[in-house]
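There are structures below to look over.
Each of the next two complexes has chain A plus one more chain, namely chain B in the first and chain C in the second.
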Partner chain A sequence: MVNRSFEYLRPETIGEAVEMKAAHGTRARFWAGGTDMMLLWNRREVAFDYCIDLTYVPALRYIECSGDALRIGAMASLDDLDLKSDLNPLAAALGHTARLMCTKQTRTIATVGGNMCHASPSADLTPPLVAMGARCRLLGPDGERDLPLEDFHLGVNETALAESEMLTEIHVPGVDGKVAAHYDRVARTVVDIALVSSAVFIKVNAGNRIERAGVALGAVAPSVIRVTGAEETLVGRDLSNVNNGVTTTAGEEAASAARAISDIRASKEYRTDMVATLTARAIRQCISSLEGTA
Partner chain B sequence: MTRLNVNGQSFDVDVKAHEILSDVLRNQLGLIGVKVSCAEGECGSCTILVDGVPATACLMLGRQGERHEITTIEGIGTHDELHPIQEAFVEEQGFQCGFCTPGFIMMAKAFLDENPNPTEEEASMAMSGNICRCGAHPYIVKSVLNAAERMQGRHESKRTTGSTGASA
Partner chain C sequence: MNVLHKPKKFKIVGQGIPVIDAREKVTGSLEYGVDFVLPRMVHGKIKRSTVPHARIKRIDVTRALALPGVLGVVTHEDAPGLNWMGVWDNYRGQILDGISRFVGDEVAAVAATSVEIADAALDLIDVEYEPLPAVLDVEKALLDDAPQVREEGNVRDEYRVVWGDLDEGETQADYVIDQEMRYKAQNYAGIGRNACICTWDGDQVSMWTSSQTPSELQTGIHQAFGIPMSNVRVVALPSGCSFGLWWSNNFMMVTALLARKVRKPVKIELTSQECMAAVKRRHIEITRGRMGVAKDGTLTMADFSHLMDNGAYGFKTDVYFFCCDLWGGARNGDYRVRGVNTNLVTSGCMRAVGDITMGLAVERLADKCAHKVNMDPLEFRIKNQIKSGQQLRMQEPRQHMKGNLTDYIDGLTEEQTGNWPKMFHLSSGSTHELLLKGAEKFRWHERWKGWGVPTRVNGSKRRGVGVGTGAHCCGVEFGGNTSSVVRLNHDGSVNVFSAAGRQGQGSETTLVQVAAEEMGVPVEKVSIVTGDTYVVPWASGSSASTTMFRTGWATREACRDAKTQLLKIAAREFFDGIDHEKLDIEDGIIRVADDPADNRRIAIDELMNVLCSDSLSQTSVITGRPNGVMPPTIAFARQWAAQFAEVEVDVGTGEIRITDYLAGQDSGTVMNPKVLKNQVIGGAICGAGFVLYEGMEFDPSDGRVLNDSLLDYKLLRTGDFPSDPEVFFVESQDPVGPFGARGAGESPAAAAGPAICQAVHNAIGVWVDVPMTPETVMRAIKENEGPKAMAS
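Now for the complex of A and B:
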């Protein structure tokens, strides 16, 4: 076998990491957790000359509430999400999602930022984050920009990152007060990737009226789908008014927004039906957690 | 040179940038208790502890072992002085071929350090990131519960010495 290697670079600050990327351009790739990158490299599905290892940049690894926002550093691990589940109801939903992903001993390596940048259509964290209205912060040599997560994912393994930009943070603004989120998926076993998935986010005002709702679907299109029809079905309703009729309607909205395909793992029809079921269930789950805290 | 702190000892190793930590531990340091089965982070055979936290060594670069305390199965017990978890696996027969066993034991160590008194369900869930292809999972869960008792000093061995003709 022909020797194939790369140069290993180890920045310790965000500034150094961005400088290294700017210096080497497309010949360099950021190595976050590396749990996808390692496989891509070993299968020769990716080529680069410089590996910029971000695991020694402590400033990128945090999960915290500040002001009205939940902030997650790009290098927070999936296990960190699990361990920070007590932070607030949204962190709890993300912790629950993280526990569905890979295995404990791989969650300690895999990162939130890596999961976002790999941009897999079935990435479990994308639907809940998009439903919550998450935004991402990108940093490049010319400065910082901030965009909605759904605009960050352009397609299968494609992101809005410019050549020398890095993802530094995922943040979810405006989530103080009474909020709930729930994500679920259909998969054969715990280590499988999602056949289809759905996430719901609900925020209610002091009078328990829904003021914001988010519904997002995974694995039914090249990138995450936000279901505005289902969101509109929910917004403005009193919590006590969200009956089975409402959850069914929202589920139907989700099913009609899905653009599922048939493949070896499931049929288009099955996926579409399950989108409706998962969405209705996730809404009920949010409602019951909000009623618990109401 | 890459400095690796493994099982309480410090090693300076020549590690190529693309080399995988599990390969470095096995081939350069001779720590063949680190087993590689799937090499894709699915099976848990290569589980090691990095600063006490379980990690699949097949998904880490060798250089990423630097500035951490790495523990492999060789670091927790010896042939003459087994770790209580190892004793528990022997007693409960928590294996058949034994290939996956080091990974299970390292995972059990990380788990029991965090949750010294687990329920059967918790133990089963904690071991779900490791695959035993012989199918010894029920015995492995028993082994973990047995190990928890041993580590808390409240285990009575099933092996009765000096008794004859006793039926189990």
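Now for the complex of A and C:
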């Protein structure tokens, strides 16, 4: 009762890690960078008898393009995202997002998988990944599943992970061609979690017509919100047609989709207003990068 | 006594030597309170109240005592009548008296063989509370029928400064403007925690803890436990940033109680939540004011009423003479201040107490007056702020508050006070030169485009510039006693014993510089003890920007005393009975001053050898102490700051970024430019944080602190401040301070808020309430239908 302790396990392959988790079920927890786990542990908000440290599973740490997909291993660090910014425009957007997060020191240990599995409503990587249409791969003793990231996050600190499953990869399919994404947030100081955030993804065809768009909001609901209304406003338009009227309408769509609450960080009204501003700005940012490459 | 400063070429004063504990700091070997351990030491934890106000009806510790590893528990039953008055009115009250006065107040403590066991035992103490009505609002606490937090009642005597005639001032004014400002409490939020380690052997108490006031803590223990001061040993360890937090606090007394109970050394180490929610904070404050201005820019009146909540154990009521001094050019004035207790965590003096709050209100109202008559804020300050030689406004009422000049000088001879500066008049310095020099460096006249006019607009981003000023005392009241002892050793090295805090302000280094300069020895030959009350003479501690001025003065005087003794012997033994005042010491060598032709030289160590081998001398070392009487600093000395900021405001989101910063400081002679620069920038960041983000949030139902961690208590990081802020100094020589130096730590914190707020106003054309969070900025813009280009 007094001394809290656990057994430390160190798998070296994905297979070993999954086996360990299957053997101990809910009595075991994965430890990625530990930046969230450490706080949970100190605040006694988590208890486990086995800690499975994923740090020494090299097969989980990569960021690469293969075929038409951007693939990110669960153990890629936030700093890896920053360093891989020039891989393609989407990696650039994720790199930009990573640089808004934590500090350099924390980014070198915190992981993409941890950010996804902790499932915080203000996690910065969720909105851009959801906007891009990212999917995640889960591996358990019974095999692998692949599901949209949107369906992975069920609520505050709640995911679709089954008792003995682990997240192995985030991948963004169908992103060859002309794409752009942008994420921004309002935060208080340089090190802060997002008070409100918005991400936009746009893909245009050879004729510079928008063929796919994604708009996703963070910190305005228990999970990330997809704004289909805003996406519909954009799809089918010529890039040159996306004027201030369009971005404002898309921003308004986003504001009405948000389900913000008031807390000590910000009020519902402010968050809602900012959703509109950030969304409109992110669209303009995407347009200008696409025009730059057009 | 000669208190008048004779300018001379300094050898050590003014050198930017590295702080003497730099190596220990960067290698992590410096020992703070949390690092300190003693053999046989056990661990304590504090049981804290879960209710804002209650009498403890029953407290049952049997289950806790039954837990293996628990060595003892203390409750109010172990502490009958235990209280302390402290030294300042800052903080005082009962220790474990069976009444809980805020959520987090101490109700009991456990000692056990491990931290974990002590922690677990807390849950096994059963407390039954009899709830009392609580008051969580500072204005409600003023009302006659409000629940009373303290035996003495909630409301402290009003402190008031009056000069001239307000009605007269109102008649002379072409415009009278009023304003109300409300401030949230700032958290000290030092990046570091504290621990207290105490042992009790017989009636001998020893305590190690990070503290900026070792002697005050010694007095507190002496008073609370009724043991002679000679039996109380406090060793104040470095605290890292303290800002007033690690002064003297109840948890130190609770550690002493536990140590007495279990008769073993006990360590209580606070968690960061305890540091941020259960020790102390800045006051919640409200300033209402009116200022009158004539068309030519003359301030004709200043009428301010200020309220500050003291929380549970704070006792503050007097601070604001700094603000009235700074804007003392106003022809007529009336400043009223009241302190009121509430059932919130205790408040205490935090860096630039009163200046950061009421000072900001005064500066902002003055800015509004300047705007009304369309005068440049810089010119307006030059026109209306106090100048050297002018009368200080704090004179009359201070006489009735605590201590007064008459008592202070009672019994002193004309010879002792003859050289004092004129009492209640500003002896040196002002904002004037700082503003002129700063304007030039900042290119103020080029960058300032008028009131509410941005210097640059780029889409939704607007830039604006602002200037702000600050002042503070250099040690308080007619008390603020201090002393210093120096010892000259055989080998010519010097030990300095001065009670001071080591809170990152570098006093241990600058005091060594004072001693080395006066003794004429290299800094490497001087070492200092600041914390151990077994050896340091009593001093009020490092608060109220005291240390350089008052303890520095005492250190220099002590060195003079030792030096005189030494030179008298030298004159007799080696210089044929020459007048010892003709001798001087340089680099440890005694020689005839100002006579290069005289080549007689004797090193201090040689002379000390002679002294020791003289069987009649009956001495082995020379000790020095101050001989003169230090004039009451409060009655003449102030420190000055003028700061210039450029900000960029995003009018789409309300985010503010500081893009350029210049800070000017007049603290008299600069003892060490690196140390002073550090103080100035640290102060500016503290003030900037207060007006941009910082503010404690209390649960409206029971007053508990909601943002008790850095997750939601937002401090500025270095990344939130320009990476290359410039600092410049004006060195108006002080007539009393050591080598002309004065205090420094607090005025820079006061000047930052006004500069940044004014810059924001100039960027967006709207005054924003503090803290100017993005949301508050947007609300201000909306309410004032500010910039139409609310660009999204």
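Here, the second predicted complex is superposed on the first by the 293 of 294 C-alpha atoms of A that agree within 3 Å, B and C clash if a C-alpha of one lies under 4 Å from a C-alpha of the other, contacts with A are read in each partner's own complex, and residues count from 1 in each chain.
By our rule, contacts are C-beta pairs under 8 Å (C-beta built on N, C-alpha and C of every residue); 3 or more make two chains touch, one makes a residue touch a chain.
Keep in mind it's a predicted model, so treat the numbers as computed, not measured.
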Partner chain(s) touched by A:Gly251 [first = chain B, second = chain C, both, neither]: second
First (chain B), second (chain C), both or neither touched by A:Gln105: first
Contacts of A:Ser5 with chain B and chain C, given as first, second, both or neither: first
Chain B versus chain C as contact partner of A:Cys51, first or second or both or neither: first
Partner chain(s) touched by A:Gly34 [first = chain B, second = chain C, both, neither]: first
Touched partner set for A:Tyr270, first chain B, second chain C, both or neither: second
First, second, both or neither for A:Ile193, with chain B first and chain C second: second
Set of chain A residues, in rising order, touched by both chain B and chain C: 4, 190-191
Chain C-facing residues of chain A, complex: 1-4, 186, 188-193, 195, 247-248, 251, 264-267, 270, 273-274, 276-278, 280-281
Touching residues (chain side chain C, partner chain A) in the complex: 69, 114, 116-117, 120, 652-655, 693, 697, 706-707, 711-712, 714-717, 719-720, 773-775, 778-779, 792
Touching residues (chain side chain A, partner chain B) in the complex: 4-8, 10, 31, 33-35, 38-39, 41-42, 51, 53, 55-56, 79, 102-106, 108-109, 190-191
Of chain B, residues touching chain A in the complex: 16-18, 20, 39-42, 44, 47, 50, 53-56, 58-61, 63-64, 67, 107, 126, 128-130
